[in-house]
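Next come the structures, one after another.
Shared between the two complexes below is subunit A, which pairs with subunit B and subunit C, respectively.
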Partner chain A sequence: MREFVYDVFTRKERGDRLQHVGYVDAFDDETAKVYAWTTYSEEKWFEMCVVKRVNVLPVNRTDGLYVDAQESAHD
Partner chain B sequence: MTDALDLSTLNEDQRDALVRLIVTLADSKRLMGIRYSDWTLGAPSIETGVSMASMTQDEWGHARLLYAMLKTLDIDPGPFEYERTGDKFASVSALDREPLDWAAVVALMVLADGALSTMLRSVAQGTLEQARRRVPKMLAEEQYHMSMGSAWYRRLADSGGESRRLLAVATEDILPGLLAWVGVDDAAARRMVAIGILDSAADRLALYRDEVREFVALVGVDIDAVLGTSEWDEVRGRAVGRPDEEACERARGDRNRALLVE
Partner chain C sequence: MSHLTDEELMRKVQGGYMVEGPEDMTEGYRKALRVQLTVQADTELMSAPSYWMAARYAPSTNTQVSAHAIIQDELAHANIAYRLLEDIGESKEHLVYGRQPHEFKHPYGFDQPLDNWAELVVATGFFDRAGITLLSDVHENTSYAPLKRALVKIGMEETFHLRHGEVWMRRLAKAGGEARELVQRAVDWMFPMTIEWFGLPDHMKRHSGQLDFKLKGLTNDQLRQVWMASTVPLCEELGLDAPAHWDKDKSEYVLDYPFPCQYDAVEKHWAFDEGEISWDAVFERWKKRGPMNEIYVESVQRSRLDVQHWLAA
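Entry: the complex of A and B
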């Protein structure tokens, strides 16, 4: 079963910066949302978002997680 | 919204019917939690296992809140939670046996947890004041259960082969008991409808069929062709049968309470 990495972003209060808190592996957007919500449940978040890592476009780096994700998407 | 019901005006038959409704919902939530908890380890991925743990907590929290609603009838929930033998449990028949494979767990998520939500939505819109206040939060938490179940149901159904076959078997196995439960129209259920605590059996059943239709069709089941089981236990408000003894022991928390020191 093919899974994708989704990065998880949260803010605790309205007006806080959206911060990266971790990631989950999931096979689609819906399961990614459930996995993120249940895995990163240590706070009562004001907002939580997930982003499929392959959709994050590296700007200045030529190596690292986001470059790897781009490359693996073309495998 | 119609006025809240004054529970002091209920006659004995109405009170008994309301107790039956509360207990079947609470027992089902507690057993659902047990069935989910068995898959916190052994789920297809770590993330799925974490979600199962979270859903277990939700279900047990819901069960506790539902049992506590008995207090509005001046009934101590303790004996219901801790002292009943398995033949008195009123949980839905779909939860009587441990699901032996992941496909069976997914079928429970969509079809059994979905049936519970259908009934709870009906109760939340009815005349029972405590349900109006408590159930909406339960239903909000249940959205995650349905999202998880829906995604996995589609995934397994689309995968073909053994996974799809197991999903079809589990679906066909549990649907008759669930349809009978959601669409219950015996004397006690009709009393609940008459005083506005539940929608009509026809409305509940139509809603449930609509909610699961597209899913079960994925494994070749026509929801409109499936009938509810006719073997019905009017005392408990569920299909004939009972949960396995180990599950009842865990639901009562026998071993946990043996550790309590007074």
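Entry: the complex of A and C
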């Protein structure tokens, strides 16, 4: 069962910033949405989004988790 | 890995430097963080079957919902902590599904059965208070930025668990009669259980690096005092006997029983009358684990292989 990392972003109220609150492991986009919604249930979010980590492109760093995700995607 | 030495990184984090990932760590830092996160993750994970098996004693559908909401939170906290461990090179799969029951690092308190609703609410009142005490200190002081961010959510939810436990302790204690006796009996075994949870006293503490690397801010004895500063007044307010009191001269809470002492897990009884025992004897008891250890771990691990097998077929 291969899982992927999905980063979770939420906006608490209309007008707030969309903030990174954490991440989940999931098999696909649909399960990622469910896992994110049930895992980060501490607020009644106005908005929640998930982004597959390999789709986050690092701009200025050459190390760190997002660079590692890029590298592992191209293994 | 960082090119710094452990001592150089210790100086940097004491000066306010925040570590963002493995690229900023020394091997010493990574090891100390791994130990801390493993205890945190295992504790959250093993609280779930403990509370889940006790949730059947919930007296209404509302309390069923609130008990299961707590369990859902605990599992989410565990999942987040295991993800943080993956980020530093550990395998969540191995940690959750590949270890034997005795290899988990949660405290002895979560190897015990919770046998009625009073025990479940005192557990959320006492054990979750211990969790908040430990994790608030980490949140305030940690040099590991991903953990600091993750603890915002965890702190909010643990506060709800604690409130749920304390509200119900108050309600049962006020009811008197059997309800009150059951709460008192739960306090009798869970108070010393939580005191022991904070670990070795400072004068015996082996050097772990967690303070030097600023993974926490307070010592074991200080954390025990913080816990007692909330818990002893709560028990006094509810007219419950707690085996500790405020000592004016020492300006701290003092235990009214020999610490540490031996515990009979079958009878749920602390042998105060047998006197103080060595910490080696405590470690030996912890190492043997408690009566529910295998049952709780099995409840988390079961059906993993079955489902993997179905999916692979």
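The rule is short, and it goes like this: the second predicted complex is superposed on the first by the 75 of 75 C-alpha atoms of A that agree within 3 Å, B and C clash if a C-alpha of one lies under 4 Å from a C-alpha of the other, contacts with A are read in each partner's own complex, and residues count from 1 in each chain.
Throughout what follows, a residue touches a chain if its C-beta (ideal position, glycine included) is under 8 Å from a C-beta of that chain, and two chains touch if they have at least 3 such contacts.
Just so you know, these numbers come straight off a predicted model, no measurement behind them.
Trainee: For A:63, select first, second, both or neither according to whether it touches subunit B, subunit C, the two together, or no partner.
Mentor: Second partner only, subunit C.
Trainee: Look at A:42 in the shared chain and tell me whether it touches subunit B only, subunit C only, both, or neither; answer first, second, both or neither.
Mentor: Touch partner of A:42: subunit C, not subunit B.
Trainee: Based on the superposed arrangement, let me know which partner A:33 touches: subunit B (first), subunit C (second), both, or neither?
Mentor: A:33 contacts subunit B only, not subunit C.
Trainee: Based on the superposed arrangement, let me know which partner A:22 touches: subunit B (first), subunit C (second), both, or neither?
Mentor: Second partner only.
Trainee: Can you pull the subunit A residues that subunit B and subunit C both touch?
Mentor: 1, 24-25, 38-39, 41
Trainee: Mind pulling up the subunit A residues that touch subunit C in the complex?
Mentor: Spelled out, the residues of subunit A in touch with subunit C are 1, 20-25, 38-42, 63-65.
Trainee: Can you tell me which positions in subunit A touch subunit B when the two form their complex?
Mentor: Checking each residue of subunit A against subunit B gives 1, 3, 24-28, 30-31, 33-35, 37-39, 41.
Trainee: Help me check something: in the complex, which residues belonging to subunit B touch subunit A?
Mentor: 44-45, 47-48, 50-51, 53-55, 144, 147-148, 150-152, 155, 159
Trainee: Name, in rising order, each residue of subunit C that touches subunit A in their complex.
Mentor: 20-21, 23, 72-73, 76, 79-80, 83, 87, 92, 149-150, 153, 156-157, 308, 311
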